[in-house]
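Shared chain: chain A. Partners: chain B in the first complex, chain C in the second.
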Partner chain A sequence: MDDAKTITITINGKQVQTTEGRYLLEVCRENGVDIPTLCHHEAVSPAGACRLCAVEVGDGKGRSRIVASCIYPCWDGMVVETESPRAVGVRRLVLETLLARAPKVPVIRDLARRYGIRRPRFPLENHQCILCGLCVRVCSEVVGVHALSMQGRGAEKECGTPYLSGESTCIGCGACVYVCPTECIHMEDRDGVRTIWHEDAGVKTSVRQFKLKYCKVCGAPLGPEYQLEYIRKKVGLPEDFHDLCPGCRATGRRVAATT
Partner chain B sequence: MTGTSGWVADGRTGPTGTPLIRSPRDLEEARKRFLASYQAVQKYISVCGGTGCRGGGCLAVAQAIRDVVREEGLEQTLPVRLTGCHGFCERGPIVVIYPQKIFYQQVKPIHARKIVTRSAVAGEVLEDLLYKAPDTKEAIPHEEDIPFYRKQMRLVFGRNGAIDPENIEDYIALGGYSALVKALFSMQPDEIIEEVKRSGLRGRGGGGFPTGRKWASMKKAPSPDGRRFVICNADEGDPGAFMDRSLIEGNPHSVIEGMIIGAYAMGATAGYVYIRREYPLALQTLTTALRQAREYGFLGQDILGSGFSFDIGINRGGGAFVCGESTALMASMEGKVGEPRPKYVHTVEKGLWDRPTCLNNVETWANVPLIIARGADWYAGIGTDKSKGTKIFSLVGKVNNTGLIEVPMGITLREVIFEIGGGIQKGRRFKAVQTGGPSGGVIPESLLDLPVDFDRLTEVGSMMGSGGMIVMDDRTCMVDVARYFLQFLTEESCGKCVPCREGVRRVKEIVERICRGEGRMSDLRLIEEMAPEIADGSLCGLGQSAPNPVITSIRYFREEWEAHVRDRKCPAGVCKDLITYSIDPVKCTGCMACVKPCPQQCITGERKKPHVLDASRCIKCGACYEVCKYDAVLRQ
Partner chain C sequence: MEAMNPTTPSGCLCEDVDPILDRYGRDQGLLVSILQDIQEKYRYLPKEALERVSAALDVPMAQVYAVATFFKAFSLKPRGRHVVQVCMGTACHVRGAPLIRDKLERDLGVKNGETAADLSVTLESVNCVGACALGPVVVLDDEVQGHVTLTKVDALVKKVRS
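Presenting the complex of A and B:
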């Protein structure tokens, strides 16, 4: 499988060499061709969900189709047009419907403006979540705790912890907060407690609180207890490992943790 | 043991767990016995046990007939067979008297006595239970002479009425599993694939992809651990479609035999049937059939002594329409959320658990034994240039003879609707036919002479789909039909990709607005602009084909759409916000017929004097319109 074959593809008229089977979006970006995305993140596997990365791929003989470049494997001789009328048509449809769904979200507004959409032709709604699924993928693929999932389907689809209740295997790491492109997952550390919640159309769901742990010597914040415990067990660290912050551990000012 | 021939109990069976049939010779010997016992019963009563007839009360009919048979002391000489679907659901419950093949329709339990004593025993033909030709009123005693059946070519469905689906011996008696023997013992796997290729068989689930080519790709695809799968897609979900259901309910072994042949040809190690949980009867017959196939030696280790081992499991779907899409189906089987993934890498290379997987529809699998038994040349002789064989359609809607029909590819829509279907109910005017379910489109009267095959239906903007055919009359509003399918798709979209989840929903909102009389002319342009973008941008077939119903409706019925938008009128009188009811004082005879059914009691009047309808309280249910014999209730 690893005998990677070097191939030549054409992106917007320019010939580019790459390896067979690599995803087209990566290759385009490496070659300075900008394609917008909302559901893509290099830390997780591609999903092809937002369809913003639509491009037109042809065989150079007149046959072409629209594909999601984030998940489309490259093949020798393919001819790619990233800004063809058909590709832009799909991108504009995606942006216009998303702008109608989430008109206040800055990243959507900026992208829509870039494609000349100021006011959608559909009634406006008040969502923030665009159901891109990045939080779900990062939680299962990177963190490995599977606390989040999509639930329901079609127009009723929602994103969050099971039954949106907050009861979950979440460890409070905040990776989902970090990857969310529309900033609809919130995190707040206050009075020794971390709160994480998903907020969409003014409704808070999946609300969960975590007790934070502090360094026993200097009092520096270390993170949620659940997360530290998860890391400790996963890596096989001693039980008292997270009593101290890295700084205090390094200086060797080890104080008996039992006192 | 469920066998009826007594063969099982004659001491030839091995110890428990050993299959009853261990070689092709065993099978031929068994077949002789089964056929003898099948034919020994010349005279029997067959009651259709399909879902449609069950809905009509066939189980009570069968029970009543059995009771009479017992009372008359005829249990030994006059068996009662509960068979699979005969197809003519409109006329159910159906009872056929063998060997004369006298076809009784709309039978009720009170008819049981005369069917047994006068017809089955005394040989009399009961005129009042026969089907009567709608035009000549002539009674037709035999199934094959009824126009509904005459134009059909029932290759796949043919044995449905002749076998008990819960008895494998019936299937074997009538030649079942002989195609498997031929495949296992006298054909190389590649020969089988070549035969399927040459037959021209195309996927019956909707896409119409050449089956042989799919099999060949699957055969070539490497598997890291040797595991390879075949799947039967029985997640039939199109509104109004029930052919896969009836096939599994009526003749499950034809599907199983097809899957075993395919598995052998493609080197599959396991098979699965993904079947809707909403199909309890199909699930039951399939479970029984798989158990019997295992007991008799067609599934399991070393099938018929060929050295080939294979078994089939059942997966029940949870009711999501999108899980009929192959990648969503496989995700669902893996225990994941039923969402499709892009098929840039085909499922024949990386399917279920990332192993090579060949998924075919129920009807496709059921065609395989026919092709192997009778040869690709025979099969390729049926149908059109690029669509071979027959196709089963569920003919429903405003047509006289609703039911399941099997016709050769290339038959015209007109033949299907007016000859087999017997025309439009109540002599009304044909308006359109919807094929291919939510992925298909509406086809107008001007295209009635279109030959039905994969490519021709696609050319006119519809598609074959899995074979739903919904006939509409002049009282159907095409805007409302588009609204219905958009509503269905909005609910059934998995919601993963934006064009399908957001785009289809927005088109639905626009069409709903048009139905309410709040449309603008720019709306039609907007829909036409969005449709190709949704089709281009969507991840799976559901979204890619979602605009078809609305786009064909606008293309062929633009005047009706414009009437809704420009004149705020619904010509068919369906969209409630656009119609008003009133009573024509000249035509009204004062018969009082409309006064009683009105749930709002908003019609007042005395006998023999014109009535008055109070429009301010009217909820536009149309009850008065339906009962008026004088066309005096006006719907505008």
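Presenting the complex of A and C:
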């Protein structure tokens, strides 16, 4: 970018050079300032869903406000306080509500303990999913399959495949399982079948089974058939490409070259 | 999971949705308008219709579904030929809307938020229709009925039954 302006911002009293418009969270982390997050992942666009990355941003003249740093673009001369009483207070409140919603999730318990929250003053629920939408973003932005979405709204908001059914465009890649911060999406490979499901408050939804494919020569697991087919079509690979694992394919090439 | 979406009483075929799609030039940006027209035609959004919309507009099914579930005006379950909405806003509430709702539930034989098995009527509560001076208010098929009393409910039920 040619028109990107270099600016100076102050983070916790330290002057830092950066580019105008970059998101504050990134800049803070690059400069060794730790801000807790749950819904953030560098591979996908930020959403500002969990609100844990709240920091105080001022103009240096006494005016300041709380912003979600993951979706807040930097501007010249801004003064950022990540550990001010006000910022920490907001983060504590956010954690208190998250802990009330999902009291059994380890990552939330750890964060709550770090912020000195023992017991939320709100009634305890039994969720695992915190509706951060990270799985939805990974599925559409990284994988490009668009199998997941947030559905409904308000208190009835849910996360899953359309109609929460196993019938969807899902290819069984497990990217959502990998990124889910609260580990409420589960994956199990057993007897040649991969099962993926979303589990919240004891209810399993979007349950789907995938047949796994194995190397024809050595029998090494390759992945779910749907996923391999998706990759094959996207990259334009030959139809028998996924019959062999990478090792056996290389061996086959060597054998073919020597004979 | 599948039972959630019974086959459509009107026998929705994918092709039935096409004239609606064409009317909006198959523009992705007009998804909500398209869904509104489909809802008007079938009184709800059949799964087959949503799948057709998704394919025709090249919008992922998950996104169409997200929009369809976000707005309360859309229903994914079949709705009755008549729709009775009881206002539960503050003004109507203090003027006895819960009594009206209870009587409607009894007389129509339908629980609040549900549709009769024969698809004759849907009863639902809404949170304000903006006619507080007329409270308690019942909206029968988009027609606002003001100052509803328990005796007036009898007339409304008769209208639904006829």
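We adopt the following convention: the second predicted complex is superposed on the first by the 250 of 259 C-alpha atoms of A that agree within 3 Å, B and C clash if a C-alpha of one lies under 4 Å from a C-alpha of the other, contacts with A are read in each partner's own complex, and residues count from 1 in each chain.
The rule is simple: a residue touches a chain if its C-beta (ideal position, glycine included) is under 8 Å from a C-beta of that chain, and two chains touch if they have at least 3 such contacts.
Note that the structure is predicted; figures quoted are calculated from it, not measured.
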First (chain B), second (chain C), both or neither touched by A:H146: second
Partner chain(s) touched by A:G58 [first = chain B, second = chain C, both, neither]: neither
Contacts of A:S165 with chain B and chain C, given as first, second, both or neither: second
First, second, both or neither for A:T97, with chain B first and chain C second: first
Partner chain(s) touched by A:P36 [first = chain B, second = chain C, both, neither]: neither
Chain C versus chain B, contacts on chain A by residue: B
Residues of chain A that lie at the interface with chain B and also at the interface with chain C: 149-150, 152-153
Complex contacts: residues of chain C adjacent to chain A: 1-2, 4-5, 47, 50, 60-66, 69-70
Chain A residues touching chain B - in the complex, by the definition given at the top: 47-52, 54, 66-68, 71-73, 86, 89-90, 92-94, 97-98, 100-101, 121-123, 130-131, 133, 149-150, 152-157
In the complex, chain B residues that touch chain A: 320, 322, 337, 339, 341-342, 344-345, 490-499, 501-503, 505-506, 509, 526, 530, 532-534, 536-539
Touch list for chain A against partner chain C, complex: 136, 139-140, 146-153, 161-166, 168-169
